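Two complexes, one shared chain (chain A), two partners (chain B, chain C).
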Partner chain A sequence: MNPAKYNSVTAEVADELKRIVGEKFVIFKDDEKLEPYSRDEIPGTEYRAMPEVVVRPGTAEEIALIMNLANREMIPVTPRGAGSGLSGGAVPVFGGIVVSMDRMNEIIEVDKENMMITVEAGVVSNEINERLKDDGLFYAGYPMSLETCFIGGNVAENAGGGKAVKYGVTSRYVLGLEVVTPTGEIVQLGGKRIKDVTGYNILQLMVGSEGTLGFFTKIILKLMPLPKYQVDLLCLFNTSREAIDVVPRIMTEGGVIPTSIEFMDKLAVKTTCDYLNETLPYENAGAMLLISVDGSDKARLEEEYELIGEFCEKAGATEVYVADNPTTSERIWKIRRNIAEACSLITPRQCGEDIVVPPASIPVMISEFDKICGKFDVTIPCFGHAGDGNLHARIVSNPDWTDEYWHDILPKILVELYALTKKLGGTLSGEHGIGCKRKKYIGHVVSEVYINLMRAVKNAFDPNHILNPGKIFD
Partner chain B sequence: MNPAKYNSVTAEVADELKRIVGEKFVIFKDDEKLEPYSRDEIPGTEYRAMPEVVVRPGTAEEIALIMNLANREMIPVTPRGAGSGLSGGAVPVFGGIVVSMDRMNEIIEVDKENMMITVEAGVVSNEINERLKDDGLFYAGYPMSLETCFIGGNVAENAGGGKAVKYGVTSRYVLGLEVVTPTGEIVQLGGKRIKDVTGYNILQLMVGSEGTLGFFTKIILKLMPLPKYQVDLLCLFNTSREAIDVVPRIMTEGGVIPTSIEFMDKLAVKTTCDYLNETLPYENAGAMLLISVDGSDKARLEEEYELIGEFCEKAGATEVYVADNPTTSERIWKIRRNIAEACSLITPRQCGEDIVVPPASIPVMISEFDKICGKFDVTIPCFGHAGDGNLHARIVSNPDWTDEYWHDILPKILVELYALTKKLGGTLSGEHGIGCKRKKYIGHVVSEVYINLMRAVKNAFDPNHILNPGKIFD
Partner chain C sequence: MRIIVPIKQVPETKSVRMDESTGTVIREGVESIINPLDLYAIELALQIKEKLGGEVVALTMGPPKALEALKEAVAMGVDEARLVSDRVFGGSDTWATSDALSEAIRKIGNFDLIICGERATDGDTGQVGPGIAAFLDIPVLSYVNKLAEINDDECVVHRLIERGEDVSSCGYPLLLTVVKEVSDPRLPTLRGKKKAKNLDIPVWGEKDLGLDASLLGLKGSPTRVAKIFRPKVTRECEMTVANDHTSIEAACANVAEFLTRRNLI
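Right, the complex of A and B next:
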């Protein structure tokens, strides 16, 4: 992926794009309108790059024509959902064409009999459950950014989310995809089938491929019966260690699989309460767990959350609050959902990580964070999906440092963090992806053989390296 | 994959194999001992082929050396688990080397804290749960042939099974694989992580690749808390149609996801009862559903099975038996597990199919079977995982036909069956795979673009087409 081999978008190419999608759906030679397409939600300016042209197609066929053109002209193409990613997946690192999926935002069909829904890639994830709530069904795979992200981006990143402990991540729910390949062909993968072993699982290879192996134009998702009740427990602890220690034990000793087990340390909660102007009586706790259980049997649910509460209290919880009504639940979850945004406002000199380790290794991981903080003189507010072993450690610069020092020291901190993660059997990213942000570190946790297998797949699907170059691996 | 390009196994090659794995683990020039490696569980003799040599390695490193040798000498290699497959995946269609995984049969580690188990490929699937039962954990992905099949074969075929309605199929539980690639490299994919988006999902591309993309030498499986109770309902109906109609409604209207919803028609049950010498009072029912629910809350379970019983009775069930003890449960499940074997003994002129359709289309599919039976004058005993839309229709020859006529008419019946399946949104195989048996029909249900993507992956991983050639696609 040598940038020198790519060509620029000429006025002629822009005209041809206008003929494909319609003039009003092309942005060209207008930096102010192009700029929002240069970035995703990574704080700071490091992972930004301006596109030469933005195209907003309305159909799979239009995308296929764009890909044909791009291959012919050797112009890189970067797919873009809502731009809510956290690894630079939607950033056009070599310029070229950004293809925004925002116009392809239709919920095509709700199939209640088969408990499936067919949507276009540009549907905001939250709209799916809004549409389904009267049907007694729900889509369980959505991530924390559900209010803004697109379902197509969720599939491209194999997004995780708040309910993954019990329900798994996006991939479990993707039954079918209509894909435009990097060479401009349209292919149907999977379908309305619960099981399917008719050939290689190219469908699941596409899920999590970060927009480098194809555009998703139609997505068939599996739905679940909507649980009638959800109860959230907010459990306060004096220390992170106490909170984290209890997480694996709830599942192994308690035999309960909660819907969510979210961890927030003191700094994460405080920052978010300030940001939301929320005054919670417990904002000064040392750490908290937000644990949800859901189900359609109220008595069973009560047993479950009482058992969880007992486990937490035995583990040193100072308070266990029960939120069994939507208003209180929403107030708590709003904090959890806004942590990332709140933290990102502290300083641009920070780096949000997404490491994942075997769940039982989380307590060790948290202890090691303390050592890293001490050694490098940084703070690491920490939150995330403790039940999955997925921690969003956020490395925040010492406020006294210069930009230069921060950029010098950060890679050293990351290398140490990743080495530790690997030693514990973990890896770089649980749900945010590699993108351009973590590309240079992927070799720290996976083998060259694995990278070569990925390269072989990429070369096979996209011989010209036209689709989303500069991501995941070189 | 032109067979002419492959070389034969010479005495020198056999000697080199003996040096790699040890002399006593190589079978060469001994047709009687080689013969069992020429076939799997497909009835009849059509899909059989003799290997030239059988090798039984003990380590991943030995397999890597075998693959290096095979690439150098251009000799095809076919991996073999327990040989319990139903699509010819383990059949060495071009002769060459069969690599039997039976010696790599160790349960390496039970990790209770992380609820994961690490096993070698040659472990009999049932042994996993035998080992786990005292730990309050279980592996939910196993198929019906659990008493004989190997876990490696389950992963290679992405086996489904009795519990897939609630728990999903094998792929959901595969967290990590150690793989020997077709070019003889050893690579670790995934690991003890609940979530992982560090690069392409090569792990799930391997699952279900039918031994054509790599050998699995270590497998890390996710475990679940063992439900304390299981109740089985045996629901008798006058007609298949009545039984099948109720299946999707239990889940959509009832909001209950049973562990299993197995369908058996009259012919399937009668044949199996005769085979097992079992005299069930209900052997004359027109059709039956075997529905299981599991959980750790007895009261909830009772509510669930009562609700299911009511749905069945409203749908026309003549009897609903409740088996809430292991002895009665085992008696019923034994029938279900033995249907395939019992049917296969009726006549060698039969063809076991594995079609899968959207669950709500099962009633239509069953009606269409009747039409096919009428049109072609065959019988189709039918059973399978009705809750997944996966039916094991077994096309049985009219006893008056000659072998010649049967071999002439069968492809016509299959083409009609597959066309119908495709029309209903279904496909060739839900869990048995394509192998060499269904290869010639794959183009009837999937597109050339999809086949080309699979070809590209195969070429990228196995440029010499050494590993398990002649399977899935040409």
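Right, the complex of A and C next:
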């Protein structure tokens, strides 16, 4: 992808975009209004780029016309959901057109008979379950940004989130997509079918394609019966090591698959509690686990949480708190969901990582972090969906360093971190995606053959490299 | 120090819906929790017990389901609990509730302090705490936002009043109603949950309390809910627009004038 081959957005192109979507849904030549579309939620300013024009279409047909125009004029197009991503996926690295999906925010249909829901890409993820709760159904996706992120972004990144231990990631629930291809055609993939082997599974190729293979204009999601009860345990441990050692054993020895097992080390908890004015007695805890169980049989759930709680106590938990109503539960989960935002305020010189290893390797990985901290003199507040092997390690700069030194040393730290991850059978990103942020490191964990296959797929979908160029691989 | 904490089980606020035709809260299928403001009372009681020793007893009046609220209080660290539950108590207003609870407190006996939440999030009256004190004929300090000092003879508290705080001291027996600034409620523990599960909570009915039947429930309630409705918002919003640096001055002046007119700045 050679940036030189792209053309700029001229006034004529902007006018044509206005004719397609309507004048008030185009932002052009207004830097103040364009700026919010230049970034996602990666801390710092490194992964930012200004779009030349922002377009807010209302239909798939409008997006198809935009793509026709972009191919004709050779202007790059970057799709954008809520901008809550953490890999630069929505950042228009070559400028051009940003297509914001925020107007396409309708829940089109709740199909109770089939237990499916059809939504547009701009629906805020949390709204799906708000809409479903009276029907006794739920969508199992639970990204930590659910109050703001769009379902389209969840599909594009194949979001994981807090409930993946039990329910798996987004791909498991995507049954159908209406897609606008990079060349401006509209195609239906999958449908309201639990089984479907009609040719290649292009549907699942789309899930996690980070906006490089098409726009999702309709999404059909599989729903499940809403568990009547959920209980959350917040377990305090003296050390990270003690806490993390328990994680795989809850399932292998405890015999229960919890809905979530979230790990938070002391630094992550302290930073977030201060940020939220939360007064949990975290001072004496070196780490915490947030473990949730859900189900519709109250007595059985009680047995399960007691079992897990006692197991944690035996493994060294100094206190186990129990939240079995929505108010207390929200108090606990709010801490977990706000860690990323709270940590981002410490310093702009930090790098949020999203590594994933086989679940049983989590304890080893955590002890390797200590070595990296020692060797490079950084701190790594660490939290994440430990139950599924996914850890959000934040590499935070030594406050005495200069920006130059930080930019110089960070790649070295990352290379070492990724090498360790790979050695344990892990990879770069569990749920945030590669985007432009991790692109230069993808070769550290996958082979050239793999990258070439991806290039071939990209070329087949998008011969002009118009859609979200500069992402995942070069 | 023996402390009694009267609490109430209320519908979880987020899921509350009203039946406007009957004027009642729809309780079916709605999760019930301890009245959030009562959690501050429980926490304060536990802190006092940790400091001075003694015992904390939680008390509630309600249907058998209200045992859940008491068990949650026990899971937080309360030592004992009592439930006042009988069909004849149904429909009690704040008067009848205060009456029944004060009788239950007499039956528990031998207390130094009663601590109540400021009010319940469902009824929102804030009358039951002071009502209990009236029936028991003991002093009450309401809207307590800080416990400055406490010993076995008296306590000194700060109260939030309209134009500031007042500081009062009082001996026992005494009833406090507390606002949320008074404490940060702790979370229930697994130990507490297990204790609560096995704890036998006495349930007292009309006969146990020896109350006059004509003073109970709906019959004993001098007040009635005449109508319940969602009030129309009558505030009028004034918009002032600042689009760029040329209009910002005028917009700021508008805001300042608006606030000055209302004696707010």
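Following the convention adopted for this analysis, the second predicted complex is superposed on the first by the 471 of 474 C-alpha atoms of A that agree within 3 Å, B and C clash if a C-alpha of one lies under 4 Å from a C-alpha of the other, contacts with A are read in each partner's own complex, and residues count from 1 in each chain.
One rule holds in what follows: contacts are C-beta pairs under 8 Å (C-beta built on N, C-alpha and C of every residue); 3 or more make two chains touch, one makes a residue touch a chain.
No experiment lies behind these values; they were computed from the predicted model shown.
K.L.:
With both structures superposed, pick whichever of chain B and chain C touches the larger number of chain A residues.
P.N.:
More residues of chain A are touched by B.
K.L.:
After the superposition on A, what does A:428 contact: first (chain B), second (chain C), both or neither?
P.N.:
first
K.L.:
Taking the superposition on A as described, I'd like to know which of chain B and chain C A:327 touches: first, second, both or neither.
P.N.:
The second partner, chain C, only.
K.L.:
Give one of first, second, both or neither to describe whether A:279 is in contact with chain B, with chain C, with both, or with none.
P.N.:
After superposition on chain A, A:279 lies in contact with chain C alone.
K.L.:
After the superposition on A, what does A:168 contact: first (chain B), second (chain C), both or neither?
P.N.:
In the superposition, A:168 touches chain B alone.
K.L.:
Identify the partner contact of A:367: answer first if only chain B is touched, second if only chain C is, both if each is, neither if none is.
P.N.:
neither
K.L.:
Could you tell me if A:187 is touching chain B, chain C, both of them or neither one (first, second, both, neither)?
P.N.:
first
K.L.:
So which bits of chain A does chain B touch that chain C touches too?
P.N.:
In chain A, no position sits in both the chain B and chain C interfaces.
K.L.:
For the complex, give me every residue of chain A touching chain C.
P.N.:
233-234, 279-281, 302, 305-306, 309-310, 313, 319-323, 325-328, 331-332
K.L.:
Mind pulling up the chain B residues that touch chain A in the complex?
P.N.:
111-116, 136, 157-158, 160, 164-165, 168-169, 171-172, 181, 185-189, 191-202, 204-205, 207-209, 213, 224-225, 248, 251-252, 255-257, 296-297, 299-300, 303, 356-360, 385, 388-390, 425-434, 442, 445-447, 449-451, 453-454, 456-457, 459-461, 472-473
K.L.:
Show which residues of chain C lie in contact with chain A when the two form their complex.
P.N.:
By the definition above, chain C touches chain A via 12-15, 31-33, 36, 72, 75, 184, 186-194, 197.
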